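The two complexes that follow have subunit A in common; it is paired with subunit B in the first and with subunit C in the second.
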Partner chain A sequence: MECRAGADFVLVAHADNAVTTISRQDAELIFLNRKRRWPDGGNIAVVINENPKIYDSFSYTVLKRSPRQYLIFRKKMLFRGQGMPPPTVKTDREVVDFVSAHINGLGYISPEAVTPAVKVVQVSQ
Partner chain B sequence: MNIIGNIRSKIWACVSVALLSYLIATLATTWVNHQTKISISHVQKADLPLSVKGILVHSLFNSQSEDYENGLLTGDAGEIQQANMHHNQITVLLNDLVRLASASHNDLYPRILSLRDDYTVYFTLASQYYMEAVQMVDIFAARKEVHQLGKLRAGLDADFQNVTGMLQEMIVTDLEKNNQRIDLYTRLLHVLFILFLIITTVVINWLANKEIIAPLGNIKKMINDFSRGRTVEKPPANQKGDEIHELATSFWQMTRELQHITVSRDYVDNIINNMSDSLIILNPDLSIQTVNHATLSLLRLAEEELTATPFQNIFRHHEESVANSLFLGLLEGKAVTNLEALYITGDEQTIPVLFSASALYLPDGTLQGISCLAHDISELKEQREQLEFLANFDRLTGLPNRNLFFNRLQLTVNDARRYGHLFALLYLDLDHFKPLNDKYGHQAGDLALQEVARRLLETVRDTDTVSRVGGDEFTILLSRVHNASDAMKVATKILDSIGRPFLIHENECVLGVSIGISLSSAELTGADTLMKNADMAMYAAKAQGRNRFMFSSPDQM
Partner chain C sequence: MLFSHPLPVKTKVFHLAVLLFLLLPASTWAIDLGDRVQVHGFFTQGYLNTNNNKFLGDTEKGLFEFREIGLNINAQLTDKFRIGGQALYCHFSESNNGKISSDWLVAEYHFADPLGMRLGKIKMAMGLYNMERDSDFLRPLIFLPQSIYDETRRDSWQAHWGGEMYGNLPLGKWGDVDYQLFGGRIDYDDDSLATLAVAEIALRYDAEEGENLNVDALTRDNDYLYGGALFYNSSLEGLRAALTFLGLDDEARIHNTVITTDKTRSKIVASLEYSWRKWSLTAEYAETDRRQTQFGLTTLDGTSRAFYFLLSYSPMEELTFSVLYDEYYRLKNNRHDPVGSRNLYPWRKDLAGALRYDITDSWTFKAEWHIIDGTAFYMSYFNPEGANRYWQYGALKLTFNF
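Then we have the complex of A and B:
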């Protein structure tokens, strides 16, 4: 992963996931619920990490949106019944648990929170 | 009874057919207009309110959804309450829709009904969950319920969309149907009009032909037949009270009557043309109007020649003035019957006729002309002249006979008595006539007598009368003498004349004559006495030795 220097979050997937790199556009599409499958066909199970230390950074960097915009986006999605918004957690720990529990899971955490149970997915520009 | 007997009815029948067609056409048009109106009023009273209310309720529902969304996004419970406030209006509109759809038997009624029910369920949930969601710190905690509700609302929205769309489509469809129906009706009306035009034309033609044209044509044929002298057939029996048929019958009767009259006129013409007497009909101006064949053959003229000449010209010239005054009298009404007149023929021959004429008057008394009837009496006249001749003349010599002689003698006696002049009577008897007769035959005797008559006529004046009174006896009346010597001179001449030889059948014969003379006297003896005296004097002359004359009384010598 060639993240920008000083990047304060990493994308993590299940340890057995074959994917090692995702483009930023794909990452954005995935988190906006528009791209839903891994290349092997599995449904991507996204989890939103509301850890204040990395949430804003993730929102601006990957989604190119303000955190509030992303919140409204998810609320609208929920309200309009267009799709089920991803589950939301408050800590890196919970993300690690979610991703390690789901073979198709994808989340983002602080780099220091990475454990062997998850695999870091590089984000290419 | 024929209900369309009179001509007015016939014409009205035709007009009625046309009016009936017009009425039916008008009714058909009215019905079509009515159907169109029903259809349009259905659109106006059912489809349009349904559609409008559908659009309205959908937009209210959208407003409600927006309010909910805003409330949810901003977490403002006021927005949720505002959204809830739309509910009553939406319910009222939905109920209206259900009621309208039910009343107009709209096909979408079940959909509208389920829409209302769905909405009621949705609203019950929405009013509860959204409020709860707003009041929650993290709305994603109840994300499953909110998501379900969102799907429900999305479905409802789609239903609203569909229903309003279908309601709008329904208007369009109904209007299109209406247009199609109008097109269809218009086409039907066109067909109907054309059909009725044809039917009306055919029916009126048929009716007019049957009731008016054919009967009139029949009359025309009858008139043609009549004018060409053909027999007019009796019109076919028809129902009573048909005026045209009555006209035909009247005409037929008229032709029959005219035929009768014509026949009798031919008959009269025939009679007139075949009658043997001449008939000429004159106009009041005396020009010739008509003549019959007898006239033409009598006058030996062609009809054109005759009619070109004035009527007076056919009279003998000296009778023209008579004819003129005659006709003036006729014009005043005096009839002429059996007047003996002379017609003059084309080749200037004179024909005696018995002429009758009378004026002809019209029934109203005006003079129509003069009919002139002439019976040719030339034969009659000839016969009468012959009879007269036989009665008064001797056939052999052509001299007056005893009868006529005696008449003249009587006249002369009367004359002499009146004027007192003298006349002489000579009584002659041929001498030796009987032997001549016996010797040469009667024919020779007759020739001798004729010669004697001729010689006697030579010896006397025109005013004297020579007559044969018996076989060889002649008398001569000298109508005026001065004295006995005058008579004696005549007697002497007679003796000389008769004494000359006669040539009879190339035989020379000599005859003599004995003459007794009786002079009229102052005593004025009668004719009988004179005759007797002369006769006796003649016998005396015979006794004296023949071929001499003797006076009846010696003093007359």
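Then we have the complex of A and C:
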């Protein structure tokens, strides 16, 4: 599987990020807060996009769970004292703004929302 | 009630602060102070009713003193360093009456994905659900299966002061494993059920032996606690497994005199959870090897056995129906004899039906009914006139979280 322009969503990172591809399993670990570092050691700054057009697809495809299950997962992390959940936004535009403002940022948006301010990261199986 | 407290001023202030949060517009309930600071919390109100026995308090006429309020703050000070804490007000009948305590209080340093460290008051990994036992909206039932998550031991198993190593280890196509290794001590409150139960033993001994014990000076202390946990996240969708282990040593004293000892040589819990479409099955098995003494006499030395099955069906994501069968024996090799105990029925078999409805992402309603055979877990403390073998209880709970 590859997630790229034409699919429901694409992963996007900061335009200066050297990473071009990550595995589906790594993407899952990153958004579940189990993998927190880019290969260069930088702390991955995740943003969750609740845009209803792509949220279900992202959640089921990458995380293998429903959006509600993902919400409960984040609440467990928070209320157990094991970590802070990532920030949540409602639109692709906010994701682009977040990722372009964070050198270690990572999010997902609709393919048509990609701008030069961010870079598409391919997801391999 | 052996220890009672008027509602302290700081508790009233805490209630007021939480009420103010509830009155704020929904969009401001969860507070993000920039990217690096967050404030969240919850409020629960429950109702508990029993027949044929009292359970955790004076419940046979119905009990509304069944509420929790939590408020937490987290600050990510650097990419690797986080501090956070949660204050918890827990009013559960006679225990934890009207006091605010630290539920967890953590300084965390994340060296790398396979290795991080936490110091402070840390939630204890035990089975699948122990770490969320104070957050009702995170677990399937109001009362977790008592064979493993005994409510009267909540203070023992809830959290410890000390340290923890943790991390995640990828296993390639097999999935990944989260691990935790921890050690420290438990800090018992004077009005924890664990302490109150020992005080009751001391009072009874005093009445029988005329020792003139100063029970008000009784304290329960934990000498040490250690343990570890492995949580396996399978690449097979919906499958999760866990293996957790811990040991601890408690003593209760009046001044310098040891009244009771309670040493858990090992508590091992093996867990399996599998979700398929609208169905979910959870099973856990535990054995606890421990030795207990009272006034120098050994009252228990052996291994208990506990297991449960929880089958859940969700016709829609917001609504879940569950059926539970839960079984506990105080001594796995001597199931029906009350060795060293006044309890004539030292087991607990629980058949329960439960409903959970997530009204919104923030509001959750639960209801459940339990049919019990047996009187394990301090039932003689709640029923000093004698606990009945067959009894039932039901509970309702409404939770708000932000």
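Here, the second predicted complex is superposed on the first by the 121 of 125 C-alpha atoms of A that agree within 3 Å, B and C clash if a C-alpha of one lies under 4 Å from a C-alpha of the other, contacts with A are read in each partner's own complex, and residues count from 1 in each chain.
The rule is short, and it goes like this: a residue touches a chain if its C-beta (ideal position, glycine included) is under 8 Å from a C-beta of that chain, and two chains touch if they have at least 3 such contacts.
Nothing here was measured: the structure is a model prediction, and the numbers come from that model.
> If you count the residues of subunit A that each partner touches, which comes out higher, subunit B or subunit C?
On the superposition, C touches more of the residues of subunit A.
> So, A:124: does it touch subunit B (first), subunit C (second), both, or neither?
In the superposition, A:124 touches no partner, neither subunit B nor subunit C.
> First (subunit B), second (subunit C), both or neither: which does A:21 touch?
neither
> Would you check which partner chain A:43 touches, where first means subunit B only, second means subunit C only, and both and neither mean what they say?
second
> With the two structures laid over each other on chain A, which partner does A:84 touch: subunit B (first), subunit C (second), both, or neither?
In the superposition, A:84 contacts both subunit B and subunit C.
> Looking at the overlay, does A:74 come into contact with subunit B only (first), subunit C only (second), both, or neither?
So A:74 only meets subunit B here.
> Going by the contact definition given at the top, which residues of subunit A touch subunit B in one complex and subunit C in the other?
Touching subunit B and subunit C on subunit A: residues 72, 75-76, 78-82, 84-85, 87.
> In the complex formed with subunit A, which residues of subunit C make contact?
Listed in rising order, the residues of subunit C that touch subunit A are 32, 35, 38, 40, 42, 70, 72, 74, 76, 79-80, 82, 84-86, 103-106, 108, 110, 112-113, 118, 122-123, 131-132, 134-135, 137-138, 166, 168, 170, 176, 178, 235, 237, 317-318, 358, 361, 401.
> Using the touch rule from the top, collect the residues of subunit A that touch subunit C in their complex.
Answer in residue numbers: 25, 29, 34-37, 42-43, 45, 64, 66, 68, 71-72, 75-76, 78-85, 87.
> What part of subunit B is in contact with subunit A in the complex they form?
Contacts found on subunit B: 68-69, 72-73, 138-140, 143-144, 146-154.
> Where on subunit A does subunit B make contact in their complex?
Subunit A reaches subunit B through residues 72, 74-76, 78-82, 84-85, 87-88.
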